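Listed after this line are the structures, all set down as structure tokens.
Both of the next two complexes hold subunit A, though its partner changes from subunit B to subunit C.
Then we have the complex of A and B:
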């Protein structure tokens, strides 16, 4: 398949999360080197704590402090740490039941190799030197030579300056390919030609082409050059800047228009320039303006032709 | 075997606000669910299944709500489903739950939709920097404003109609304690003097960003018999979809919307929606969508919808009140907005809408749409059980 484009696409965003009372106490506790669990109606201590009982659905608020030592209940060796994992050297993923808890916490264990890890081994928390109120305040667990200690003890969950929200970055990192039809369209654009594809069933020309007609469900293959002139079928005047760096270069107000290129079966979207924004109108005839090195027309400008009659474009709004 | 009639016996909403920093997402949905259970006089043990809906994952970066929220919604050991249909999701989620009851798969189902817009970024979620594509973004309003202009051109509607809708919905919101925007000083002049963001859409004619959740308990005939309050009965429900962009798409009055409404009216035995339906909760994210949907849903002939708005027919005390709750223009936790429409329609026929009650409402339509007019979902609820 010739000239199918592809490029890396990284999408990331720092989502915020309000913690609610239980997670707020848990994460603030970690900052203060205190591990809190929550006691269920039947007396079990869940660590990490949850807001609602996984068995009965009752609201849980009775916080209790557990030890910073515990026992490994299951583990897996990670020989090749990846980006943003807690340790940069090979480590063990461990489930640790802290002394005083009835459930296990997932974290990592700093150990020289898998031969040094076993289910039932005793471990303790190694605190991060800088703590912010996050699960990473526990830098990792480390082997510990000592017997299981105390019961848990009730805790108010109250601390000075509690953490009430956290930021949880989400990141997707993948390879994007627009596929055959879009690639052909993009490659034609590089020659300042606008090429769509015609559906053999309904005869409509799709610009940009998607490789199939969404109405008929059949593949499109017949390439059809459209435009370059077209008609503004409808539009709006944008008076506020979108909060997006990609649009920073465009000054407001500007006209965002639906443009039916001559020969196209539907309108595409573009910016209108070369005319005061308040003189743009439905039916205005326009043509693309290309810039050096740009893959797409920078904007569309009036051709000077008489306006198209409404009936000529009313199906293409 | 005929279908099981479906009754709405519990409705719960959170007070919708711009930011609920005091609760986690689990705490937010829990609040709505508990209120619905209290309304229905039921406990977690009475619920057989949970159906949940939310906005697209990247809006708030929450990928598996059905996993994260199972504890908060008492779903452990029960079926839990998640529904995806963009902005219409609250409506589709309720319909999936209703279908489980009408098909006698489950007797009593908790359905819930939510969004914490304060912890999400809808605009960003919709505008990923896709390689090779032209970075021309006009914002959400920029997507809808050209369709509004097309409607104005097609119908010759006077340009004041949009402001009348916003003025009405914001006044209705003052009577709804759960609505987000409460502006007691609202005037028509204020609405009309707001800046044009995406001409012809003014700031005052756009929906807010809200944090909120809405829950309903749906049950069968036996469940309705035990309900402490009058139930709302589902007389018809349907979903339709069509591509976001295709040659011949009518953005002003999408075919999928017309087909969806026709299906609901057929199920409910509605011949003349304008006369037979007493109240409408429709998804109006920008004010002009009220006259547009009035036509699309068959309440007015093509080109005539704005006349109903202009003549006061859609006011709370009008002949066909539209969005007595204040609508999406006053409250918009996107993932929940569709379900709020469905729930508010049910509150009307239960006679439990409080200050925004439409006097004598016996049949009400709940409507949702989303995804660039790609998905439609609607239900018609009545005060009496269905007879067909």
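Then we have the complex of A and C:
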């Protein structure tokens, strides 16, 4: 369907997360090339350590240091690394039981190929040159030719300048497609026409249309051109500039309004210009102002018509 | 306990892309199908519950817009889970058990085509120790598959046979995304090949639940939910035994699976290796028809594929092709959380 629009969409967020005492000690320890586990009530050492026992829910605080060498307990070979994964060349995913630990840590293994990996193989940590207190302070594991040492030694978990929070960036890339109804709306806007859709059941005209009548639960199949003129049904005065590049050129105070376009069954919103902010009123008749190449009205301005009577728009508030 | 049954089920054709459809445009037809099948209107429904995840299509609050397809005015009694629709069905079942509703509309949908679902699913993992490594969904399933191979539970040929059987069965499923002979293909993450992995695509499903005589009035042969339960395992993969699924086993015990044999099982096993784990946990032998729909290997609309297992099992009972069926849904990496239900036709036992 050539009329269906699509556009790249990047959703990116630096999640800031605070750490509990056990997580803080573990991640600070990684920064100091020290791997800490936590001892459960029945004497097991969990690595990576958690704050509560996964079986009993008991609070866990008894930290213990384990080795930086261990044994692979499960593996898989990734021939095609993905963007944010730790290694850029083909690598193994591994669960590693570090010497002195009773549970396994998920990480990656730098090895020449899948034939070099097996369950039971010995590995050791390769530390990242720059460490910040994150799971990625372990750059990866690498093959290691040495016997297991089963000892773990008690550790206070105290370090100078402990990490108390982490920032984990997350980026997901999409190709956004708005679907049939919204594509039709956006395509019409590009021609400076505003096209809504009518519900064939209740006859209401939705602008912008989303494809379904939320009252009747049926498709809004009939396209209806509305406006271009409309009536301000209600408004507010914006006194503080929003932190958004699109608004930088707009001086405050300005008016943001609900506008019922002629023929529409509900109001959409837009900025009102071409009139002092303190003269905007309910019932004011307005029309869209388009800018060169803009895909939607830049703002709405008074038409000079007499104000609409309240009864004419009271159902659209 | 009230007797509650699945009385209607509908699903979309599942496709690799649905660019011409927004979520609500994709969901609305299946809502209409289940309402039409029962003769109910939206205002007759006592409770509505949906399952979906905004992360899939990167569309914030898509579930509120999908609700437009229900016709939620005057305001309805409604809820949503950021999970597979199987868990929305569970919530609806509980709601009916409380006596606050006699009927429920349950739907779910997933549009994986706009994003990279392998990466999207990493965002459900532990954000401190695991998420920063971006282990994708195939990678984690491959760890489990290799653990099964190492344990002698399966091998690559046996996994390929599961893929072949599933896609052969899907030839009779008009909604399937892939069916018939599919090559084993190259490794995606060894030991899993393209053939061991589910297709990526978009789709939606809906069911209607009803209690007691209402169910009998709406459906000639309701699929009675004799038991339903869900259980979860620790989030840390390193503390789990990946070759087993104690949560599935426990949910099955609580759902009453082992009281009498089932004739059919619809298992939500997106990866071939996961069927091996589930068969073991559920004690399924050759007498049970497993995934006659083709299962998630034939169509895997994320967030709907579990609800579809319940719907497919129910539809077989509706059609008289099954008397007692098991339906299973999973969530999280390596079968972390599992829901099991037992469905029966009226004459299955006295």
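Everything below uses one rule, namely that the second predicted complex is superposed on the first by the 306 of 317 C-alpha atoms of A that agree within 3 Å, B and C clash if a C-alpha of one lies under 4 Å from a C-alpha of the other, contacts with A are read in each partner's own complex, and residues count from 1 in each chain.
In this section, contacts are C-beta pairs under 8 Å (C-beta built on N, C-alpha and C of every residue); 3 or more make two chains touch, one makes a residue touch a chain.
Just so you know, these numbers come straight off a predicted model, no measurement behind them.
Q: Looking at A:16, would you say it contacts subunit B, subunit C, both, or neither? Reply first, second, both or neither.
A: A:16: touches subunit B, not subunit C.
Q: Answer with first, second, both or neither: which of subunit B and subunit C does A:52 touch in the superposed model?
A: Touch status of A:52: first partner only.
Q: Let me test your reading of the model: by the given contact rule, A:170 touches which partner, first (subunit B), second (subunit C), both or neither?
A: both
Q: Contact-wise, after the overlay, does A:153 reach subunit B, subunit C, both or neither (first, second, both, neither)?
A: Neither partner.
Q: Taking the superposition on A as described, I'd like to know which of subunit B and subunit C A:214 touches: first, second, both or neither.
A: both
Q: On the A-aligned overlay, A:192 touches which partner chain: subunit B = first, subunit C = second, or both, or neither?
A: neither
Q: With the two structures laid over each other on chain A, which partner does A:104 touch: subunit B (first), subunit C (second), both, or neither?
A: A:104: touches subunit C, not subunit B.
Q: With both complexes overlaid on chain A, does A:93 touch subunit B (first), subunit C (second), both or neither?
A: The answer is second: A:93 touches subunit C but not subunit B.
Q: For A:132, decide between first (touching subunit B), second (touching subunit C), both and neither.
A: After superposing on A, A:132 lies clear of both subunit B and subunit C.
Q: Enumerate the residues of subunit A that count as touching subunit B in its complex and touching subunit C in the other.
A: 9, 11, 15, 17, 19, 23, 50, 54-55, 168, 170, 176, 178, 182, 213-215
Q: Please output the residues of subunit B touching subunit A within their complex, sorted ascending.
A: Listed in rising order, the residues of subunit B that touch subunit A are 20-27, 30, 44, 58, 60-62, 70-74, 76, 116, 118-121, 123-124, 127-132, 134-139, 141-142, 145-150, 153-154, 195-201, 243, 245-249, 251-252.
Q: Would you mind writing out the residues of subunit C in touch with subunit A in their complex?
A: Within the complex, subunit C touches subunit A at residues 19-25, 28, 31-32, 42, 55, 57-59, 65, 67-73, 113-116, 118-120, 123, 127-136, 139-140, 142-147, 150, 187, 189-192, 234, 236-239, 242.
Q: Residues of subunit A touching subunit C in their complex?
A: Going by the criterion above, the answer is residues 1, 4, 6, 9, 11, 15, 17, 19, 23, 27, 46-48, 50, 54-55, 73-79, 82-86, 93, 95, 97, 103-108, 114, 119, 134-136, 166, 168, 170, 172-183, 210-219.
Q: Please output the residues of subunit A touching subunit B within their complex, sorted ascending.
A: Touch list, subunit A to subunit B: 5, 7-9, 11, 13, 15-21, 23, 50-57, 59, 164-165, 168, 170, 176, 178, 182, 186, 199, 202, 204-206, 213-215, 233-240, 242-244, 246-247, 250, 253, 256-258, 265-266, 269-271, 282, 295-296, 310, 314-315, 317.
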